[in-house]
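Below: one structure in structure tokens.
Here the chain labels run A, B, C, D and E in written order, and each chain numbers its own residues starting at 1.
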Amino acid sequence: MPAEMELDPDNVSAKSSPSARVVIPGDPVPEIPPSDVVILGPGLRREGPHAIVTRPGVLRHKPLPSSAEKLAPKAIYWVDTHAKRYVAARGEHVIGVILAKAGDTFRVDIGTSEPASLSFMAFEGATKKNRPNALPGDVVYAKLLVASRDMEPELVCVDAYGKKAGMGVLSGGGFVFTTPLHVIRKLLSPDCVLLKTLGDSIPFEIAVGMNGRIWVRCKSVKETISLANAISVAEYMNNDEIKAMSAKLVNALAGF
Amino acid sequence: MAGYELLSEQNLRLDGRKADELRRIQCKLGVFGQADGSAYLEQGNTKVLAAVYGPHEIYRHGAGGASRPTLTATSNEQAVINCQYSAAVFSSGERKRRPRGDRKSQEMSMHLRQTFQAAIKTELYPRSQIDIYVEILQADGGNYCACVNAATLALIDAGIPMKDYVCACTASLMNDRPVVDINNLESTTGGPELTVAVMAKSGEIVLLEMSQRFHVDHLEKVMDLAMEGCQNIYHILDKEVRAHVSKRGSLLGWEAT
Amino acid sequence: MRDVPLSNLERQFLLDALEESKRLDGRSTPQRRPLELHFGRVEGTALVSVGETQSDHASLVYAQASASIAEPAVSRPIEGMLNIFVTYCGSAAARFADAAGTAGGDEAVEVTRLLERCLKESRCLDLESLCIVAEEKVWQIRLDVNILSAAAGGVADAASVAALAALAHFKRPEIHPVSERDPVALAIHHYPVLSTFAFFNRQKSGSNAEKIVCVDPTWQEEQVMAGKIVFGVNPYREICTLHLAGQLLIDKSVVLRYAHVASQHAKSVVDLIKNQLHEDTQKRLAGQTEEIGFAFAFKQNSILQNVKPAEMVSTANLEHV
Amino acid sequence: MPVKDKALELRPLFAQLGLLGHTDGSVMFSLGQTAVICGVYGPAEVKPHKERLEGATVEISLRPPSGPTGLQEKAKEAVLKGLVESSILGSLHPRTSVFVSLQPLDMDGGELAAAVNATCLALMDCSISMRCLFASVEVTRTEDGIILLDPSQKQATKAVAKATFVFESVNQDVLASHLEGRWSEKAFQAGLQAALDGSKAIFQFYRETVKRKFSKELMMK
Amino acid sequence: MDAQSSVSEFKGIQPLEYFQQHIENGIRVDGRRSLHDFRPVTISQGTISSADGSAVIKQGNSVFVCGIKLELAPPNPNEQNKGFIVANVDLPPLCHSQFKPGPPSEQAQVASKFVKEVLENSGIVKLEDLNIKEGKLSWVVNVDIMCLNHDGNVLDCALKALLMAFTDLTLPEVTLQEDDEAVVETGGKIVVNNEKRSKLTLHSKPIACSMAIFDEKILVDPTEQEEALAESLVTVVLDANSGDLVHFYKPGGSSISRQKMQECTGLAKKQYKTIAKSIDQAGVVTKMDSKQSK
């Protein structure tokens, strides 16, 4: 590794202004300074002094915050990419399907290259005697406690306080479907109006897993199917289109 | 068709049977000591041995494997049925190159599995496996049917709970007249062949197969005759089972009622 | 590789929806999905897609017919041969992604046998016209059917269309010692087409209640169904194949009813094949070589498209909901 | 060396990404009238006996258009495997597999090149981390020494020698080469230069394809 | 003692570094003095008397046998005036622990394909020469190359073995009884005169030169260990008669620049003449022996 040069922070912010653009693997990103004052997110890596793109997508960055904010003193660069295959990341909420029981753990498919483990004790109020009531094929909403490229991912259904905090076995109907991962990021982004717009007219429950799986439940089968369709379709829509589509959907459901 | 007059003017077939007459069926339960259940069945010149092992724990490398992708819940809720169909190399006119593993044998194994998965009360044996092996010793048409009938007997001999007897029978169409239980000559020279496996008492169809072509309008009468054949086979099998059980029972010292 | 498992929630939801005669893709139970057919540059190749052609929820089947000279079977000295090979490619579904090439296992066997019954045993091809010298040389037609995507289910149905189309499109070389004559098309007596019907038991009422029947099931429906009937029927309403399997107990009248539905499907498929074939022949005659082949079909965007136009999806799906 | 300009042009390229629903990345690719379908899974489950602790296991399955898989396909698979292994960042995903499934549909010259390019596009659609991209071009030489870039089957009938080169995108270095027939040193260099120029157009095409895929995304924000 | 054991430990624990240090100093792990040196080659021809042509080649520790068997067959109806060459490279489990029993390994298939391509590209044997009577009878030349000990450079060795076996090959005289239509089918009217044998004309002399690229350096004739550690492998095949490039084989691996490519071909060009000469000499010596043994 060559020694990385220390760079003048002013220089950095001056360089990191260009707008988002589409990049492909192997592209150099000259505006990223050859120093450690930036954080390289997914889709970027350093080779010598240069930052190189590794995944195709839209290059984005969060500029260096003003010096008053001491908490995040680094600019962040990353590539927004489209993928279907999930790679586990620590702390993310996912929706998994139980494959089997193995000893005191469940083997759970979360779409990664190997199944995750979920201990019987990782449920709210679980004890040695009081085991969670779940069968193979059941769906769980859980959080990744361990996610590393060299280890089996591990899930928990409790938060740091031992409370379920919305996690656990998803029961009582509803439907699970799969979308590409960027649709999930879009749904959860603060700018996206989809869930809010739909929620204004159709009451529903939803659990969104970062692994591309979404669970929804409405009052009726018909509404659930429509909602699932609306979410899948919204992939290529902007907020105005989403609003128009929602209105149409609500009308159709009302029987017009 | 093809030079032969399959149905004579007196409505008799080449082997002297009437159109709705089955071939002679002879069967015997419990022919092997090694297997948990076994049976031997002759249907005309078609001769089959069937053996059943199980229920036992699941072996991962069964002959066959699940026909559909293994569903997450299945093996935990019900028994896995493993079937293997094999026809001895000397069973037919030309020597077969290999007894099993060719496409027709694989298909036959698959159909047998599907049939018995429906008939056996698989939910009673979760996480278990039941093996059904059938060996055709001599083939003269209606192989699938003979296998199903023999396997039903073997399963009964093994004491495995079933919803009903499964009986199978073939039927064909000659000069626009339906004929039942066709033999090898009739099936190779004649027209279509319809195979039906039914639950004997409820009359519901478990498997229906047809090859060669005929018009939809004829389907009903051919199917009717095949199902009637199944009923007749059922009576023959049932008689043999009752005789077998009472014989065994009397040996154990209880009186057959 | 493991497939994404179908969860109990999905199973239950699918059955609940069917109870109300609703399907997840917005179809009604007797409704088929649209089929698309394209011919390749090489004669005897066909690509069929079935499913929501506007998204990636589609199954894709490729079939190619080829011919070689072989010795006839002893039992049939004056007949050519037709051999069918079905392969599930790795891209069909994760469970087929295996370089060792199990080639689809039981599922491939099932589709192969269905096609063999449908095309071979029904004698839809005039095999006697493929004889060159009796007892010595005959044409051997090899039909490769490769399943490229099984993402929408309905593989057997699509495979039968692709296989039939490939045979109809194929031209074998004319053997003649003196001159090189034009290749000749195969003689096809009749066009049998497979159609699949999925059966589901009703949950609430007793077991004697009538079953729910879905035409042209999706892959999720195929996983949940209690059993299925596959018909191979030609447009003359002649049954060539009949296959009923699964844990299913069906009444006789049901079988008869769906035989008729299947023959209607066969008619529309045969019309499709004939139309496309006609168009292809016209283009070849006119020398528009740029406009034949799969590359051209890709560009037309008629084969699938991964952009879902908002208009289509939101309304189309609601019509039957 | 007499070289005609027209001879050094690529045939039209076309790609449609993400059409095979069950794969993680896929493409329908055409190069002139040569058409290929490619699907990729990864990083996905790996069989225990193929597991590698230091990186992803790459597997390629190339189906022939008809007939059983032969030596030709195996050799192409070996070439593709080498290419994928050297261009993806496999060390980011140890104990996983990257599976590439290819089906050529129409063959009209440049079959290997089309398979290579389709593989690269499918890997991009799958969004696997890559060190560089790769692109492949076929060149032929006629009896009188004319170099043809990316010829169709018909154009290649007069060719006495054929070569397929694969280049990577960062330094334009050669990743793989495959020769048929005899090449003199001089002709070989000329062919290599022509192929290199052709590969630039393919890399540009890759960029356009990805731009098209992300165009909506860019517009939204 | 001590120094020796520490060397072997170094080799065992950090093979890459051990290897790197050698290369940096311009020497090879197996004791070769230059990165561009070949291992010593010994060749014997006609060692297998049951074959119609054979050769054994030993290059360093790599040992290959090539046997050619002839068969008669009617020619392909489409190519009535041509014979057949069927070439196959076998890497059996006995030659290296990396090969397992069962169907041919990927490496063996790739090597077979390579040999086949070189045969086609170089046109060493004209298929027309293998025709005995047009449309009636042709030779089928079955070439089987087997590795007995695998220590790298499979392609070079296989090709050398092939070439030497071809120079050793003699075809018996075959006469075909005229004006009989069913000659070939009955097989009775073919007269094979094993006493009168003739050589096959070889139209080219393809010589392969494999190189491993490691840290921007080119190692000629790599051993098995060097191959495993190298970044990429290149095989250049040149025709020793005309100097034409017959094959430039690079199966993936990391990329090489065009300068490197040129460097590789340059090296191969430098080497192929010496190899060709050494092969010729080896051939002459052993040919006498083989004649005596026959």
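As a working rule, a residue touches a chain if its C-beta (ideal position, glycine included) is under 8 Å from a C-beta of that chain, and two chains touch if they have at least 3 such contacts.
Chain identities (UniProt): A = Exosome complex component RRP40; B = Putative exosome complex component RRP41; C = Exosome complex component RRP45; D = Exoribonuclease phosphorolytic domain-containing protein; E = Ribosomal RNA-processing protein 43.
Model, not experiment: these values are computed from the prediction.
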Where chain B and chain E overlap in contact partners, by chain label: none
Most remote chain, CA-based centroid, reference being chain D: B
Chain centre separation in whole Å, for chain D relative to chain C (CA means): 30
Centre-of-Cα separation between chain B and chain A, whole angstrom: 54
Chain A-chain E separation of Cα centroids, rounded to whole Å: 55
Whole-Å gap between the CA centroids of chain C and chain E: 47
In chain D, residues with contacts to at least two other chains: 23, 41, 44-45, 97, 132, 168
Contacts with 2+ other chains: residues of chain C: 2-3, 5-8
Residues of chain E touching at least two other chains: none
Chain A partner contacts - residues on chain C that touch it in the complex: 2, 4-13, 16-17, 20, 22, 24, 26, 307-308, 310, 313-315, 317-318, 321
Parts of chain B lying in touch with chain C, wherever the complex brings them together: 64-69, 71-73, 94, 103-104, 106-107, 110-111, 114-115, 117-118, 194, 199, 202, 204-217, 219-220, 223-224, 227
Touching residues on chain D, where the partner in the complex is chain A: 23-25, 41-46, 53, 89, 92-97, 124-133, 168-170, 206-207, 210-211, 213-214, 216-221
Residue ranges of chain C in contact with chain D within the complex: 1-3, 40-42, 45, 47, 55-58, 60, 62, 64-66, 85, 87, 89-94, 97-99, 101, 142, 144, 146, 148-152, 290, 293-296, 298-299, 301, 303-306
Contact footprint of chain B on chain C as seen in their complex: 3, 5-8, 74, 95, 105-107, 109-110, 112-113, 116-117, 121-123, 190, 192, 222-223, 227, 229, 233-234, 236-252, 255-256, 259-260, 263
